[in-house]
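As structure tokens, here come the structures.
The two complexes that follow have subunit A in common; it is paired with subunit B in the first and with subunit C in the second.
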Partner chain A sequence: MRIFEETIRLARTWSREIGVAATIVLLYAVLFFGGRTYFSAENFGDLFLANLPVLIVSLGMLLIILTGQIDISVGSQFAVCSVIAGVAAKAGMPVALAGLAACAAGALFGAIGGGLVAFLRIPSIVVTLAMMIALRDGLRWSTQGAWIENLPPGFQWLSLTQSRFTTAMAVLAVALVAATAAGLRYLKAGRAVLATGSSEAAARITGIRTDRVVFSVFALTGALTGLAAALNAMRFHQIPSNAGLGLEMKVIAAVVVGGAAITGGSGTVIGAVLGVILLGSVGTALTFLGVSAYWEQAIQGAIILAAVAINLAGRRRE
Partner chain B sequence: MNSLLKLRIPAAARLPVTLPLSGSERWLLGALFAEIVFFSAAAREFFGWTNFFEVLRFSVELGLLSVALTPILITGGIDLSVGSTVGLTAVAMGAAWRDFHGSIAAAVALALLVGCACGAVNGLFIGGLRLPPLIVTLGTYTLYRGIAEGITHGAVSYTGFPARFLFLGQGYLWRAIPAQLPILVMFAIGYWVLLHRSVIGRGLYAIGLNEPGARYAGIPIRRHLVLLYLLSGFVSGLAGIILVAHLGLAKPDLGTGYELEAITAIVLGGTSVFGGRGTLFGSLLGLFFLTILQGGMHLLALPSELTGVLTGLLLLVIVSLDQIGAASRLRQFFGARPGRFAATRAATAAAFVLVLLTAAGYALMSHSRRSGGALASTGTISAGRRYVIAVMPKAKGDPYFKSAGAGAEEAARELGVDLIWDGPTNLDPSQQNEIVENWITMRVDAIVAAVANSGSMSTVLRKARQHGIPVLTWDSDATPDARDFFLNQATPEGIAATLTDEAERLMPRGGQFAIITGPLSAENQNEWIQCVRNELARRHSRLTLATVRPSDDDRDKAFLETQTILKMLPNVKLVMDLSAPAVPGSAEAVAQSGRTDVDVIGTSLPSICRPYIHAGTVPSIVLWNVHDLGYLTVYAGWLDAQHRIAPGSTSIEAGRLGRLEVRGTEVVLGKPMVIDKTNIDRLNF
Partner chain C sequence: MSHQDELPVNRAILAVRDLEKSFDGVCALHGVSLELRAGEVHAIVGENGAGKSTLTKIITGAIQADAGSIEVRGHSIERNDPNVSRALGIAAIYQQPALFPHLTVAENIALPMEMGSSRQTVNWKSRNRRATSLVESFGATIDPRRLAGTLSMADQQIVEIAKAVGADAKILLMDEPTAVLTEREVERVFALIRRLKADGTGILYISHRLEEILAIADRITVLRDGHRVACRNAAEVGRSELIEMMVGRSIASVYPKRPVPIGNVALEVRGLSNEREGLRDISFAVRAGEIFGLTGMVGAGRTTLARTLFGLAPAPSDVFLAGRPHRIHSPADAMRFGIGYVPEDRRRNGVILEMEVAGNISLANLKSVSRRGLVSARSERELAVRYVERLRIKTPSIATAAGKLSGGNQQKVALARWLATRPRVLILDEPTQGVDVGSKAEIHELIVDLAERGMAILLISSELPEILGMCDRIGVFNAGRLAGILASSEATQPRIMSLALGHG
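On to the complex of A and B.
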């Protein structure tokens, strides 16, 4: 009986995450009967690498959403950071250092945005909307659409082999996810993020410098975006100048489908990761199920709505 | 102290009466005024009734969306699905009119009904089930666009609407006022009454400020929200109908990105996305500010992407100015000096505004330096004898059109003409029309356009010809009566035939192949796919087309799609990419999979395919000389501006390209080239 009650309690605490997980299980069950070739190590490896940028950025976005803010400039930052990584590598910088340069550039963009939000009190959607347009068009203006070609030979896969790179990325992803989850739960800074999002006024009264918290999560997300951009660029020989179109939508959708409240203060890392897995699986899953490309987008939309509805059913039982 | 407070508060409460505009509205009005003065001084075509009404015409669809979204933002909600609703209603209307042979009134009614249904779904989820608006409309944003793409298979675009319907989008009342303008005015007034003069409106502000409070006050929150989202769907539907009438065509990708543009206008107008603050007037001011900025920049022949940079910077400037204002309002309100914090913030904001304005100024300066003073030379358009040739690529920031642009610049230097090279920066089909309208107002000497949607562009190109401007098309054609000549680099049939030749050469024993296209609703690529299908049928080819997948012109998406095709359809031995960035994406996917039995071909640029062609993953690509094509656009535009291409002539002399054949009204550049290992290093684009 104790175990039963305990299970119920756990199910209630994690109802949102269970809702997303249930949707994923449902999708995979359909795939199991409809497109079994989906379940191969190769496919999961490819899907992992393709969705790694979304995963990395969504960790930062989760923190931003937890503080009650939003950042819609990550897609544009991603494009600029990719190009910066390429330019740095072409200028003769060691590849790892070029990756760090992209991170630093991302952190700078994040810091600018975060500074405006935190210290000048301009709403985050306005700030990041402005940055989204200005960065994207600024990049378009300076490159005119040209790609970065002739990258140094060690650029692709960071001079590792393809499979070693994938393993390294898996380790990195697990480490980042674990660090974010643990940081949110056990670190003072992590609790400050949640407190700021739950009630900024209350957080300030308890001595939390909420403006610094907000500033930091934006800068951190920028750095993560730079990292994601550099790692994504390293899968290829060339860097296009229009990378990351629509990345912000994918990331925000993953985080909110994962159960984070857009008003701040509530949401988990596990939920965000599940959200990334669900939305990252859907596209290719539909191809494997033989759905026509023309109807794919409609079904994706329906699945987002279904995930929200399942989420709601979980909440109603409480 | 107590009595002092009592005295102060009524004084503060009277504030809105003495100052009818809020802080951000005043700043915005000032900025709008400054903008108008600046553009009037810089471009003399700017200040006049014709241009004024043209600007208004382009504001109607976005204006309707902004009007409908403002109260939603005031309740603290958001509706991201409005742009997709525009696309869906447009398609519904087109289908009702053409496929089901309904009358135009029935089609309009059906479209409005579809708009209402879209709004009702949002309203049900948000108002009825109380789900977060951002995520619900993020879902329906994808859903509605997806349905529009699904029912048309991306490919259909409906045209041929009757003239009396097109009048709604293109006609003039009393020869001056755009026919759709009264609709915007009507809805703006209606919404103004609803929001600012009704009990419901007060309720909406209350919901945005404090929802639990509003519930305790007995405000029917659910009913209000359902009403708002339903209305938003209806108005989006109406905007969709007007857009169809305006462009003369209905396509599933109409209205792409409109939600963001409308939201930009609204937040610029001082509405808080957290709810409780904002006015309809502010939103309209924000919208006019943005439309005038765009139009003005085009009239000054500044590139569209610079408009984006300036929009971003000015958005921050105006919002920061509001912050400076906030400090002084605080002082009025409390009758005391602002605290150290507010003062510091105002000072920082002021410093920041200066930095931003410097940045904006620097961007403008460095542009005019880079383009050799195009900014200064626009004033002399008709005074000097330097011809102004306006050339439009289908999209800015695409490597293909960048190569063409380099060729165009070469010709402009050689001939000593002023080249305006500008085009859309996004997928919105109406942006091309808007730029051409501005070129008509500028009275350029010739327009040479790469047409993305022939249905909508033909209308505006015809208008340019009526104004006596020579019009040519390149890359892809408009309807023949909308232009003098088409610079034909290769027919769709020719491209399809060459691609099929290559495919058959690589797979002599037949088999399956897959096509990866650009966006599903790209008109050109859809035509090519159809031509490839026809070619296969005509030759009784042993090749079978296994699947068609979209890449959205994104290298990374093409990469993932190719990976999926390789795994799911192991019999596919050839991937044919019809989008320039897709070829390197597919090639990389094939290379990484280690499958040596799969080849990649397609239409792409040599520069981005070079490593893969040398490695053998891509045996060949099919293209024409893009650099020469760009050169020809300016050269032919220059000839036509001087009426030096006589109708009926069979050839023209085109500078370094030599003598080119003219077939009917088509200037033929040459056949598409097959680019492979042997000739790629001789090409410089």
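On to the complex of A and C.
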């Protein structure tokens, strides 16, 4: 009896995540009967690497959304950080240092945006919209649209084989996800993030420095964006100057599909990861099923709408 | 006045001296001093906007004073903030809810303590254990893993109290802790206060319920317009003297109920049930000019009935308005049929905090302040000014954002909005909760006026004196059922209580 009640309670608290997971299972069940070729290890590896940036950035975006803010400049940050990683590598820096430079640049962008939001109390949508345009156009102007080519050997795949690189990235991804989830649940700082988003006024009188919390999640997201940009750059021979177009939308969509409340205070890492998996799989899955690429965006949009509607209906019942 | 001056300083665990605070040039506190002794309940009373909440927020460091000093056990605090004050053993229950709706009960109780400690991690097991025992010590059972936002108002208040008490505070500030509680729950809070008092905790207690103050307080400080006008031993003052010190004038009759001609049935409910919301077989009728009281324990179904009548909860059957059956699906329906509703939780459902006072008042009355479909700024202003004066709403101007008013004045703004709609049937859910005595009398006066003009009024209240003093008939709820309807001539406090508790 107790176990039964406990199961119901758990199912209720995790209902959103369970819903997304069920949809993913359904999607793959359809695929399994529709096109077996989808299930090759190679496909999965490619799919994973292609979505790794979304996954990494969505961990940061989740934190930002949990505090009740939003950052739509991550796509532009991503582009600039990619170029910085490439330029640093070409200048002869060791790969690790080039990656670190990209992270630092991202953290700086995040800190600037976060500072404006947290300390000057400018709405985050305004700040990051400005940042999005400024970074993107600044980059276009300084590179003149040229791609970075002739990267030093050892940059691509971290001089590993592609499959080794994929394994290493998988380990890194699992570690990042686990660290974020644990930090959010067991660290005081993580609880402060949720508290800030749940009620900023209550957080402040509880003694939480909400401005610092907001500032930190933006800076952290910037650093994660830099990391994602550097790792993504390593998959190719050259670095385009327009990387990360639309990344912000993919990331925000994944977090929201994963059940996070756009108004803050509620959402989980598991949910965000499931959101990334679902949205990441849909596109490729449709191609494999022979659905025209024109439909891809529309279907993704429909999934986002459905997820948000279900989410809202669930909240209203509470 | 001189009592506290004779006091040996070492017995005061908290002393504030000459506090000054203004908001955008409006003075909220002016040279206020006060001392709190160990084991003392020190009440603070004053009209809405007198500065009581501002004082508590300064003591906890939630806001900073412009001038003045705070001393805890003889040591003055240089820079106060919520963490500093908590480390010094100060805890507070704020008037505005300070819970995190998305977080669990256990976490709500634990967070303030954890924020003060140097540990960087949280332990969920001990959080839950502690929350359970704290809530139980208060005689309630609330699952510590529930989200605070899903609790009833009364349970939320219990969590607030558990949170403050759990911090092992030596100085406890309580800003209207009982405003949303019924008498039985108030008794529990009092039992707790007595226990804390015996342990040597000093308690600053703010309330507009003067009976409570006189029952629990040792000393009383009276604030008026940001000034301290008196500090007296509770045993030496009476109710009327207290009121006079608060408002600077005497308030003659407490309940202005006048007999008014009773008209036809305006609203009738026949066998209304709603299993999911816990309402069972409710039947009653209210006539034009009549004030029909609804009372009972919190959660007994009074508010659910009101929400059903106003289309906020699903209506399973017809309601008869002036004899004609109507099905109400939404508030728009209800308003069209002439029903108005002042909700209970005005902090969440009442005022729009960012909107100015005038806009808030005219919101449900846009038609009456419009000419040819356009809102006339002049009539809007006139309407607002009329109600600001009538209800004595303390605000720098009618263009001030409602969020900047004191708690009680926000409530009055929400009340004004609905009083101004002049519906045929008006449902008032706890209309005087958190409102000072002077304004309370004003609101009662206004309700009687409305009844006199033929409005049928449903008055929901947990305050029995108000119900007994204002109503022609009284419906008593018990567990979702109307346990009985009493005429005012046969209604007494014990009879109502026994019906409400299900002994009737």
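Everything that follows uses one rule, which is that the second predicted complex is superposed on the first by the 307 of 318 C-alpha atoms of A that agree within 3 Å, B and C clash if a C-alpha of one lies under 4 Å from a C-alpha of the other, contacts with A are read in each partner's own complex, and residues count from 1 in each chain.
Convention: a contact is a pair of C-beta atoms (placed from the backbone, for glycine too) under 8 Å apart; a residue touches a chain by one contact, two chains touch by 3 or more.
Since the structure is predicted, the reported quantities are computational estimates derived from the model, not experimental observations.
Enquirer: Classify the contacts of A:Ile64 with the two partner chains as first (subunit B alone), second (subunit C alone), both, or neither.
Expert: It touches nothing on subunit B or subunit C.
Enquirer: Between subunit B (first) and subunit C (second), which does A:Ile84 come into contact with in this model arrangement: first, second, both, or neither?
Expert: neither
Enquirer: Give one of first, second, both or neither to describe whether A:Asp137 is in contact with subunit B, with subunit C, with both, or with none.
Expert: first
Enquirer: I want to verify the contact counts: of subunit B and subunit C, which reaches more residues of subunit A?
Expert: Counted on subunit A, the partner with more touching residues turns out to be B.
Enquirer: According to the stated criteria, A:Arg191 is in contact with first (subunit B), second (subunit C), both, or neither; which is it?
Expert: second
Enquirer: If we overlay the two complexes on their shared chain A, which of subunit B and subunit C does A:Ala302 touch? Say first, second, both or neither.
Expert: first
Enquirer: A:Val213 in the overlay: touching subunit B, subunit C, both, or neither? Say first, second, both or neither.
Expert: Neither partner.
Enquirer: Tell me the contact category for A:Arg9 with respect to subunit B and subunit C: first, second, both or neither.
Expert: second
Enquirer: Kindly classify A:Val117 by the partners it touches after superposition: subunit B alone (first), subunit C alone (second), both, or neither?
Expert: It touches nothing on subunit B or subunit C.
Enquirer: Regarding the shared-chain residue A:Ile252, is it in contact with subunit B (first), subunit C (second), both, or neither?
Expert: Only subunit B is touched by A:Ile252; subunit C is not.
Enquirer: Between subunit B and subunit C, which residues of subunit A are contacted by each of them?
Expert: Correct list for subunit A: 261.
Enquirer: What residues of subunit A sit close enough to touch subunit C in their complex?
Expert: It is residues 9, 185-189, 191-192, 194-195, 197-199, 201-208, 261, 265-266, 318 of subunit A that touch subunit C.
Enquirer: Quick check: in the complex, which residue numbers of subunit A touch subunit B?
Expert: Those residues of subunit A that touch subunit B are 35, 37, 40, 42-43, 46, 50, 116, 119-123, 125-127, 129-138, 140-141, 143-147, 149, 162, 232, 235-238, 240-243, 245, 249, 252-253, 256-257, 261-263, 283-284, 287-288, 292-302, 304-305, 308-309, 312.
Enquirer: Write out the stretch or stretches of subunit B touching subunit A in their complex.
Expert: By the definition above, subunit B touches subunit A via 125, 129, 131-132, 134-136, 138-147, 149-150, 152-154, 260, 263-264, 267, 272-274, 303-309, 311-313, 315-316, 319-320, 323, 345, 348-349, 352, 367, 396-399, 401-402, 405, 425, 520, 547-550, 552-556, 559-561, 563-564, 567-568, 581, 584, 588, 592, 607-608, 610-611.
Enquirer: What does subunit C use to touch subunit A in their complex?
Expert: These residues of subunit C touch subunit A: 57, 60, 62, 81-83, 86, 92, 94, 96-103, 107, 111-112, 114-116, 119-122, 124, 145, 147, 149-150.
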